[in-house]
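Think of it as A, B, C and D in the order they're written, each chain with its own count starting at 1.
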Amino acid sequence: MNAEYQLPEDECFVLNLGPQHPSTHGVARIKLTLDGEYICKAEPVLGYIHRMHEKMAENRTWPQFFPNTGRLDYLHALAYNQNYACLVERALAIEVPERAEYIRVITTELNRIASHMVWYGAFVLDLGGFTPLLYTFDDREQILDLLESVTGSRLTFSYFRFGGVPNDIDDDFIAGTKTFISRMRERIKMYHALITKNVILINRLKDIGFIPAEMCRKYGASGPVARGAGIDYDVRRNEPYSIYDRFEFEIPVYHEADSMARYMVRMDEILQSLRIIEQAIATLPAGPIMADKVPKLIRPPKGDYYHAVETARGRLGMRAVSDGSAIPWRLKLRTPCFSNMLIFGEACRGMLLADAVALFGSLDLVIPDVDK
Amino acid sequence: MLSYLNYLNDTMPCLMAILRLIVCIVCILAFVGLNAAYLVWLERKLAGRIQRRIGPKEVGPFGLLQPLADGIKLMTKQLFLPDGIDRILYLLAPMLVMTTAFMCFVTIPFGEGLVARELDLGLLAIFAFASINVLGLLLGAWASRNKYSMISSARVVSQNVAYEIPMLLVVASLLMVTGTLNLHDIVAEQAGGFWNWNVLRLNASPLMPVAFLIFFVCTLAETNRTPFDLAEAESELVAGSFTEYGSMGFGLFFMGEYANMVVGSTLISILFLGGWNCPFGIFPGPHWLFLKLYALISTVMWIRWTFPRTTFYGLLNLSWKVLIPIALVNLLITGALVKVF
Amino acid sequence: MAAYIKSILVGTWSLIAGLAITLRFVFKPVVTCQYPHAVPKIPDRYRGHIDFVYDPATCSHKCIVCGMCQKTCPSGCISLEGEKLEGAKKKTLSVYQLNFTTCSLCGLCVEACPTGALTFSKEYNLAGFDEKEYHFDLIKRLQERP
Amino acid sequence: MTRAELVKNLQALPGAVVSDTDHKARGFDLDVKLSPENIAEAVQLMDEAGYFLDTMTGVDWLGEQEALRKEADKGKAAAPASESAAGEPPLPQAGIGEDEIEIVYDFNNFQEPYGVVLRVRTPRAKPEVPSIHHIYPIAHWHEREAHEFFGVVFTGHPYLVPLLLPEDADYHPLLKDFVA
């Protein structure tokens, strides 16, 4: 389906998919040039929810940027919090206490599952199945309840701080997480029986939306998109940060490079996240949750720093340039969806509109993350 | 009372025919209207239960007045005419959809003698009217001058063309067995018990249950229900054919969809499931037909809230690669068996 | 041919399995919370807008007008003023305004407060007709609280 | 191309300053300063070595030269800042170096993580850098972004219209002298 498809311009028509379209989950706009239902050309148009976070960073102190980080990819806000915290901790050379690292890992992985649950529901909704959305949101609700009991918020957590975390987790949270892990394992089996094996879904995803490994590299795509194309790359393992090198987990890799492969990567990732949480809870040490020597006024030394984490959507990088003052000189956000969005424009050429919607869903784009 | 009616019938047959016509029209209108309204309620309740929530519950007990509220809301909205549309066709299309749905009910018998107008070619008439329904969707989509609607209209037509074929092939094989197009006679032949129903007439054709399934799938496709709701694929085409419709224009399309569902389910019950015959041969009556009818409709809804939507080529593949070959095989076997026995 | 029939059977079976799962859910209890009729439990750490902590020792708040909350706030939604009463060594709080319309509920102010004078309110049912309804006067709110 | 060969090839570029950095402290492993003419060649090397373009961005170093000069001759009166209108880059003054905009390219590798940073500097008054979109398609968008935020012209780029800002935006918000 992915072959080059050319038609004279005057025989095509232009369809604006978005900015208010049910399948774009937000305000993405894609200018499609269609021949019947076949896509000749697709041009994503960005900026409908552009908030200029990078300029905002230059107008506030380092800690004040924390709430912003959770508002980029609101579905996996804790990974963004974590990256920002790690970035500044790297600049200040702060050693984070053990317990805080464990709490970070547990909450971030829980958040990752919640993010995948939203993707899952929305993806099947894009494919026309409504009910799974409610099931996945039921699961997500369990996670959000847990996270809310710790962080006090349900979506834009803004939970981590430079040097640790402000609130400790309690026994209720641990017990709830354990219950959730066993519940989630059952639910994944149910999802596979209900959706993954469904012949309609398989026909819609198999061999459709081909994004090969070389294309991933050229476009800088990472996360499930790259792993679905056979690239064994996960920042958590390749560039270990926090304490991920202590846990045993696998990086699910599929080589088919189609929508089904990306789907399966995410499904397997949920199980791996559960494994990580299980191990982290089993080995959770006691101790302080905040580093002692965090300065009152955050002034990273002059220079530029980079930190990357693996979010639910791929590699998130933040590059900070400090001039030694309390206000960042420059903060660059490398968001994973940015690459995926451009890839969509490239990969959906020659596809049917319905398949393009499925491809769009399989990329798991969060538009505020693209638009920054 | 009855003798008086008989007396009138004898003396003024013309008046009685008109009276009967009026009663029939009112009954059909009420039946279709009530069905459309309360099937929406049923669908929402069922969807709620499947999704582990309650569904409508605020308006009236168990949300039973919800359809009324929805109806009032739709009727009080402005009928919005977008710029540059073909006004006549735009306004005609919803009516066409609804009218053809009504017309189908004319010849459907709901019980012994419970029929507005008995036709010898009743089955054929229903198929004829049902296919005009597509025209309504096509016109509405085309006239509303919207790109999404336009894509949807192309989908509707090719979908219906693709699925008429296996449907009619199945019907043809069924007709070889029944030997009549009169729905009343078809039901009468199945009297006695569920082993006499056409779906289990294995001596006529061992593939009869498969034929039933094919007919069911085709009904899903003809009535544009999930997984074949490509015409209204809300995640791709916003609202498909109905994108530009609001107010009662949309309401009529919506009612038409449910009315068609009722027609399809009734037809399946009559053709395959013995119509108003009891499964055990006792107390036959319309209640059995309604039971079967609503069970089928619930199944259709259950399917809708379970499966994702198929794509266009998936739909055509299913029709041309699976349904039509099997229907043809069924036709051959049935023909051979009819010839032999 | 065998593969063809097998694919049809496998496909049909997958559909039936899916239907069985949703049918099972029909008979399971409802998981939703009937929101206006029933209210979920608000966790202790719920981050609503900020409010003063009632200090039983002074029957008032604990604010010392240091302005840390104001400085920490990323959105600049806190404005406070203090005045020096006669005879007192320190300033006393006279105005504490929270512009809730720009607050991003990050909670940095609560952490910054040296005396622990601020806490999160548990209010979540906030709706109104006018922006002015969300310029909270925390001193007034404290006095009105039972 | 192995990593050692890559480093050697990068060093061979005219004017390139290559230095190793501590990954733990900075987050990347190799820091390469280049002149704008060589950037396409360097990026080509990165592509051949199988790296992916992680991100690219600009940094506005407004006031840097002044700070350097102040540091150099303390005690003398500082020249008055010449920035006036928003978005309008200041004219270079004789005697002191021009302020520059730095374009930073981050590269990394899927197989063996190795963060490489390429930096080029271009004068603030007339920022121009050759485009690399033909090597890495994602640079098409990154360059559009850097163009709208910093006003850097990527020569050879076919479609330099704002990406995130409105299509007709003629301001460059991430310049330090930008006033909303």
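Here is the rule we go by: a contact is a pair of C-beta atoms (placed from the backbone, for glycine too) under 8 Å apart; a residue touches a chain by one contact, two chains touch by 3 or more.
Note that the coordinates shown come from a computational prediction; the quantities given were computed from them, not determined experimentally.
*Asks:* Measuring centre to centre, with centres taken as mean CA positions, what chain is farthest from subunit D?
*Replies:* Relative to subunit D, the chain whose C-alpha centre sits farthest away is B.
*Asks:* Between A-B and B-C, which chain pair shares more contacting C-beta pairs?
*Replies:* Between the two chain pairs, A-B has more contacting C-beta pairs.
*Asks:* Between subunit B and subunit D, what's the gap in Å when you average each chain's C-alpha atoms?
*Replies:* Chain centres of subunit B and subunit D, defined by C-alpha means, are spaced 66 Å apart.
*Asks:* How many angstrom between the C-alpha centroids of subunit B and subunit A?
*Replies:* The answer is 45 Å.
*Asks:* Using the average of all C-alpha atoms in each chain as its centre, how far is it in Å between subunit B and subunit C?
*Replies:* Distance between chain centres: 50 Å.
*Asks:* Measuring from the mean C-alpha position of subunit A to the mean C-alpha position of subunit D, what distance in angstrom results?
*Replies:* Those two chain centres are 27 Å apart.
*Asks:* Can you list every residue of subunit B that touches 2 or more other chains, as numbers and ranges?
*Replies:* 50-53, 305-307
*Asks:* Give me the residue numbers in subunit A that touch at least two other chains, ranges are fine.
*Replies:* 131, 135, 138, 194-195, 198, 200
*Asks:* Please give all chain pairs that are in touch with each other.
*Replies:* A-B, A-C, A-D, B-C
*Asks:* Which bits of subunit C are touching subunit B when the two form their complex?
*Replies:* 8, 15, 18-19, 21-23, 25-26, 28-32, 34
*Asks:* Could you list, by residue number, the parts of subunit A that touch subunit D in their complex?
*Replies:* 46-47, 50, 52, 54-55, 58, 87, 90, 93, 216-220, 226, 231-233, 238-239, 303-308, 315, 317, 319, 321, 329-330, 332, 334, 338-339, 342, 346, 371-372
*Asks:* In the complex of these two chains, what residues of subunit B are touching subunit A?
*Replies:* So the residues of subunit B in touch with subunit A come to 47, 50-53, 147-148, 151, 154-155, 226-227, 229-230, 233-238, 305-314, 317.
*Asks:* Which residues of subunit A touch subunit B in the complex?
*Replies:* 13, 15, 21-23, 34, 36-37, 124-131, 134-135, 138, 194-195, 198, 200-201, 203-204, 352-355, 357-358
*Asks:* Of all residues in subunit C, which touch subunit A in the complex?
*Replies:* Residues 10-12, 14-15, 17-18, 21-22, 25, 31, 43-47, 72-75, 104-108, 111, 120.
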